[in-house]
Every structure is written in C-alpha cells, then in structure tokens.
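For reference, chains read A, B, C and D in written order, and residue numbers begin at 1 within each chain.
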C-alpha cells in the first residue's frame, strides 16, 4: 500500500501575489504533491486552510501516514482545535514534515516546546545545502551538496530542542548558516523540519529538493498501526501487579479511581 | 550570590488530607525548600497555587534562577497565563525541576511537546533508584542505588521526548521500571524530571532524595544573564549582511516589515 | 532481495559445556540464525571463531547487510585485524547487533569508545523486559513487557555513551535494572545492543526474543549502497572551491600534497 | 582550587616552519596556555610530544582536570600506551578538548569510535563562526558570530557520532560549512571538539577564540573525584542481592570466579 500523504498548504499568497501564483499555479501544496506522486510508493493529496476544518478532519488524519505542512502568513488563522488534532495524530504515529516558514506554525511549535525563532532576510541570495549525515535515509541519492540560486536566508540560532540527528546544514551567500534539516520523534511520530521553500522562488521545482521531500516521506512513515491511548495514564492495580505485592501505607486514591490530570 | 530558587507547591492535599498534613506540616513545598536551604549556596523560598498569580509574578520569575514544581490534584486550576509565563522564563534561562506528579503539569507538558503519560499504582511498594550516569552532577555524592520503602509506582512507557541524558532508573517491587531522572534543555533553560515524591509517603525527608534536589538545583542553575528576545525572529536586512550581497528576485515583504507569525 | 545477515558465534561453550550443547545443539549462532530465517525478508548464515579469518573475510563482510555478534569467553582470541575489518564495515554501512556478553567484544568496545562494563550475577533469576519506546521499529509486535524466567543479571551503570534511543529496560528479580536495548549510529552503520542471551538458559528459543532479533535486523539494515571512502579526508583545492576565492596567507602543505594523519 | 589544565602540543611545526615559529614563539601550546592563565580560575601548564612519555605520565594525568590536545603532523608518533592512558583518564573524569587537526589524533578517534574524517583546504579564507546554542556555557560572553580572516577550511561531512549538543557552526568563504564546536561525554569525561586553529594563522591570538578556550575548560571540568573502576565488571553475588533470591538453573561460572573479558 502506498504511503498516504497529505500536503497541507496555507494557500494565501498563491491567491494574492502574482509571483507566487505564476510560480505555483497549482499552489505550493500542488507542486509538493506532484513531487511526491512521482514516487509510486507515495500517494499524495492536498488540503488547504480554506476548506472546512482546514481539510484535516479526524477521519482524514486517521487515514494519513505522513502530513506535510506549509504555512506562512496565516499561522494565526489555523483553528486551535485542528492544530491540537494534528499534534495528537503525530503522537499516535503520523509523520510530520514542517517546511520553511512552518517553523512558526502552531503544530510545529507545539511539538517542539520551544519558540522556534530564527533570523531571516528576503534577498534572493544563494544557498548551498550540505549533507552532514550522508548515511541518513533522508539524504539518499543526494550529492554532497547542492545549490538554490535564490532562497530566503534563515540564520542561527534556530530556537528548537537539540535534534535526534542533523541531516543538512545550509550555507548562505550573505554569511549565515542554518541547520536546514533536523529530525525529532514526538510520541510515535517522526518529525522532520526542512528549511528551503520561500514562496517567491521556484524551490519546489528543484530536483534535489523534490528528492528530499520523497525521502523524508519514506523516513517519516511508520508502517505499524497507530498507538492507541498515547495520552492516557492507566492505573495498574495491586491485584494485577506482575510480582506479588501487598498494599501498604496510606492512600490518596480510592479503589478504581482515575488519577488526577 | 546563592542560587535563587522558588519551590512551587500546589498545597491542596496538605490542607485536605490528614496523612499528608501530618507528614508535611509546612507543606511539601516547605519540606523541599528546607532540603535546599541546608545548602548555603541555595536560597529557597516557596510559592503556592492559592497566592495571587499563584505566587509567580513576572517580577518574581525574573529574579528566580531555578523553579521547582510540585502539583497533582489541581493541574487544571493553574492559570494558562501563569503557565505560559513560566515556560517563557524557562526559555530565557530559568531552570525547571518537575517533581513526581508534575509530569502532568501544564508547564512540563508544554515544554516537552508530548503527552507525558505513564502507568501508576498507589500501593506503598518499595522502589530502588539506580544511578545510570554516576558521573552526572545530579548524581554527585550518591551511592550506586538507594531505596524508598514506600513509593507510588510509576511505570514505562513514559511518554516524553528522548532525553539529553538518563540519570536514574527506578526498580519497583511490583515488577515495573521507570526512567526516574531525565534531563532536557528548552531554549536556555535546563529541565530535570525526578519521579519520587508521592504525598502520602515521607519521600522528601529521605537524605538521598534531599541530596538529589540540591544537586539538581545546582545543575539546573545557569549563571549567565537571561537571554533576551528568545521568542523573536529578527530580520537582518540586506544592507547589514555580513558578506556583501545584492538584493535579487521577487519579494514578499516590504522594507522594514516584520515577518509573519 | 532479502537482508543478508551473518550471525557470528564464538562457538566455545557449545563445544565444552554440556548444558549449552544441550540447549543449543546447532550453536547459539545456529539458534539465532533459525529465528531470523523464519522471516522471509531475511537470509541468515553463520560464521564462527574457529573458521579461517573467523569466517569474516573482506569479501563476505562486503556482502553482509547486518552482522550479529555473540561472544563471551574468547573475546581476546578474535584477531585485531578482523575486529578492525568489522568496524570499518560498520562505518561504511553494515548494521551491527551486539548480543549479551558481546558488550565486552572488541568490535563493540571499539565502536563505543568507552569501557562498556556493567555488574553481573549468574543466578538464574527472573528478568522482565519493558518496552520504553513502543513506537520504535525494534519493538514492533511486542507486548508492553515480557519475561524470561531465567537470565543472567546485568546491572547499571552500563558504561556506554548516551544512546540515540532507549528501546528496552530490564527489571531483575534480585533488585537491579539495566538498559537492555540501546541504539547508536557509527558512520553509516546502525548499532543495536540487546542484553538477554546467557548461554546456559533457553533465551534464544523465546518467541519474544526471536521477534526482537528479527525486528533489529530490519531496523539495522540500510538499503543504500555502502559509503565509499568513509575514513578519508579529501583535499578540496582552491581551484575547485564552490565560491570563487583567492589563496591567501602562509601555507604548510604543497599543492596536491595529502594531509597529515 | 584552580582547574588544573594541561595543554599538550605536538611542537613539530613550531621547530621546523618559520611562519609557525614566528606566530607562536612559545609554541601553540604556549599560546593556548597563556589564554587560559588569563583566567584566575584556571592553572594551565604544557606538555609536548618530545618529553619522556610525551609529558603525560600516569601521575600527571591523575592530577589533571582538563587536557587540551593539539597535534597535526605527528599523530603516528604518539605512543599507543600514552594514548590509551589519556583515554582511560577521560573515562574516569578528566575533561578533553581536541583542537583543530586533533580530529585525527589517536585519543580523539579512540573516544569517538568513528573515522573522524572531513574535507579540507588550506587557502587562508575567511571563516565566520556562528553560535547555534547561545545558552551553552561554552558560548558564554560571545557575540552571535565572529570572524577569523584566515582559517583552514574544514568541511562536512564530519565523520563523528551525533553529538550531545552542537555549539558552533562555521561558515567558510569558499562555500563550505562545518560543525565547529561539538560536545560528547565518554564515561565520566566531558569531551569538546573545536575546529579553528591552523598553525600558520594567528588564530590562538584572537580574543573570541581565547574566550572559547577558557569557557571550554570550565565546561569540561568535573569537580567530583575521579570515578574508580570505570573499566571493571564487578560480580554481585547471589548472597549480596538486594532482593532475596535463590540461585537457580545451570551455571557457567564457579563461585567467586571473575567474568570473561
């Protein structure tokens, strides 16, 4: 069965900015889905901010293996309930790939537990992306480095938790560096952040970028069933203890009572 | 200057449960502060849920090096604004030590980005805490293991992100194990979770536990000044680029405009 | 193509100790290979200390996706050249699974860079292995915990570097705990240590243990080609610089000269 | 008591190369020790390859809190026994700071368990070092970035294990990036690698570099006593078990026998 992937796009500048509309007539989400569907093992569809529930109903997320998130101007318009729903699905095993300005999206910040800031400059400068971890599946098939003639500069410090692994580091013409590809796990969900992708440049038409996106979906995919009850705190009563013990000492909880939350 | 430490206590069961009141006449927070003040390098005061702003005003947190958090029955009564304020202070460099049932506190869950669940049993069973990382400062002066004759069982899986380091693992008489001491960093703040401390047992009177608390405060303390602007995303304009570059390509942002959030 | 797996066995106690010979008539390596070959996606063969070059020639290792290592009494008899050869193959992408007493094998110690000690007791006590990371591929299909009625106790502190992830923790009847399943990467190679497997007990006939072994092979397998030149330090001369630069300042190296090692 | 620091220098090019001798009349080790001794809390002395036992006797290492290592042309001339002695002292709690070309030193490679290669170019190009982890003690007092007008280029991939934390990333004029400051722990010892320091440039006279060196010594210093028996694997016999157990099952070891290594 192919990896069921949903590409979520904010779809704002595609409607309001001629440059963006010209570069991405099917939306950034459409271009990204196109890159993914070139891989027979991936089945990518799209969802946007403007759809009911932003296109991310409980049913749809339950049937999603990997979610890709692109947002920029309208982070604040994403309903809190939908953001929490996405987060809960990551915990139970859905992969999440946060692209570019999604560093400030509700879902990414919520999963990181940090502010996720950085420095930035929109000057169309050259970025060269270096593979720091050539053995990582997300770097499969890539050259040692590749260039984007125009990208938005994102600079360190990137205010995220220390990652599981650093896959890419970006070099910028104006003198900055950035950890452009980082991985984490949150619950059962694999999380990847990938920095390139400013909407006024043709980044998502670049063959290396498209390769990274496909690799990332395959890496983030977890073939096992979703983990149930990931947010629970089950009581394991004394009668069910794996080693025989006797109840001792004063108690707070009555028998069968749920714990405090 | 001593390490300015605030011990935050929920102070609920101390008022409503005779056993707890008997064990901790000055509150759990009072007992913990007492353990800390035995170290001349630490100056511990207390704050409780019932005080205005839960005793955690902006001014007080700005003057706090390390915050210790004990809560259980009333996590939901902590105001969101105060929880966010605590989180922001951790990001800028305040240390945080989350004790026992604080695994489900708003502040700890918010910093972890995961559900923070576990399994549990209140049966007064024996726990033996093993030092897995004897070289870690939080384990300084401890024996290879030590026992608590009565503790609440907390069992794996503990739903937190992979830690920076695992300092302690607990063995429970009823057959479970738990990663009882774990560290993370969130922004400039050091975070430590320590599992023992159920309110119906005399855990905070145990000399080894008190040693861990003092060690943890010293570890979590960051002597450098607070980091300013930790949640910002400053623009670094083309004129200020460190290497000379020319502006190229189409733009989204007007000169001097702030970024989207 | 199935995952080409070699199970390396020291094959000493199988020849000299009646209990071990009785439990493992085909050797521990034979029993382990049998567990793996129950998975159609794995093709496991064996190699032993007594074969020329311990059965691990350069050609064979080049054609091995994952190597499993079981050794105990004869760590010192493994030729240094063969141990180094194994290590170099891990660096270039061969997976390595070190079992039980292989914590003190030359190959594992060499890859860790630490002494890899622990405490131990051979008393046939009960071990209960807890899954701390239920979402990890190595834990796929396992219950929350499982028991081995007789195992050798291995206790903390386990003197290894902080792992990438902690998958299992063992509870011992005599009161100890142990991080029983840990992962690392070394170069392009995935490394997994798994603690159970004392030769006088039927551990490798246990269905859960056999499931872990199969899962671990699948996790350790890296489908990409081996990384060439992993131990090189190539010069990238000024004429080949990706950004135009002029040579400046005094030099140590003549043009085309190799670096020091 | 000040932090007892030994700066080990290979002291080869200082004797044979006029540029190096001119820049560092007291040797690179002398310049580095000078930077450290500007901090009243550090007491730095030096040792060189040419001294008996390379100046690193067992007694001296036992009285060393932090060892700094600079070597380049003569890695192969360091006696294996001395390298192993250094490694064992790191395990028991001595800090180690490996500078620049020490990435290929015996001691650093031994502690990493990986080849430690990189790419390089000696062209006197500009390097700009970015602080990626501004809250880390090794970055205390530094600006967001600083420049070295001439440095040797070291480029990714740097073949080391994933670090505990990434403190610095270097930007090179010729287009490369490098993780210039990384931390690990090995046993009880803190390990820091710092990339700048090519001997034909005045790097160790730069105020920011000297600040990093002082910060790194303070970070690597572990005030607790050395850990004894770090390479042991002690037996904990059944009579001494912490929970009462009975010996069961067949045995390999006779009572009191040492384990295999």
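By definition in this document, a residue touches a chain if its C-beta (ideal position, glycine included) is under 8 Å from a C-beta of that chain, and two chains touch if they have at least 3 such contacts.
Keep in mind that this is a model prediction, so the values were computed, not measured.
Of all residue numbers used at the contact between subunit C and subunit D, over half are used by both chains, marking a mostly same-residue interface. Taking each chain's centre as the mean of its CA atoms, C is the chain most distant from subunit B.
In this assembly, the C-alpha centroid of subunit B lies 36 Å from the C-alpha centroid of subunit C.
Between the CA-based centres of subunit C and subunit D the separation comes to 27 Å, rounded to the whole angstrom. Between subunit B and subunit D the centroid-to-centroid distance comes to 31 Å (mean Cα coordinates, whole Å). In subunit A, the residues that touch at least two other chains are 128, 134, 145, 155, 162, 164-165, 175-176, 185, 187, 242. Every residue of subunit C that touches subunit A in the complex is listed here, in rising order: 93, 128, 134-135, 137, 140, 145, 147, 164-165, 185, 187-189, 222, 224, 227, 242. Every residue of subunit A that touches subunit D in the complex is listed here, in rising order: 128, 130-134, 144-145, 155-158, 162, 164-166, 169-172, 175-177, 179. The touching residues of subunit D, when paired with subunit C in their complex, are 13, 17, 19-20, 72-76, 87, 91, 101, 104, 110-115, 117-125, 150, 153, 155, 159, 161-162, 164, 173-176, 184-187, 198-201, 230-238, 241-243, 245-253, 259-261.
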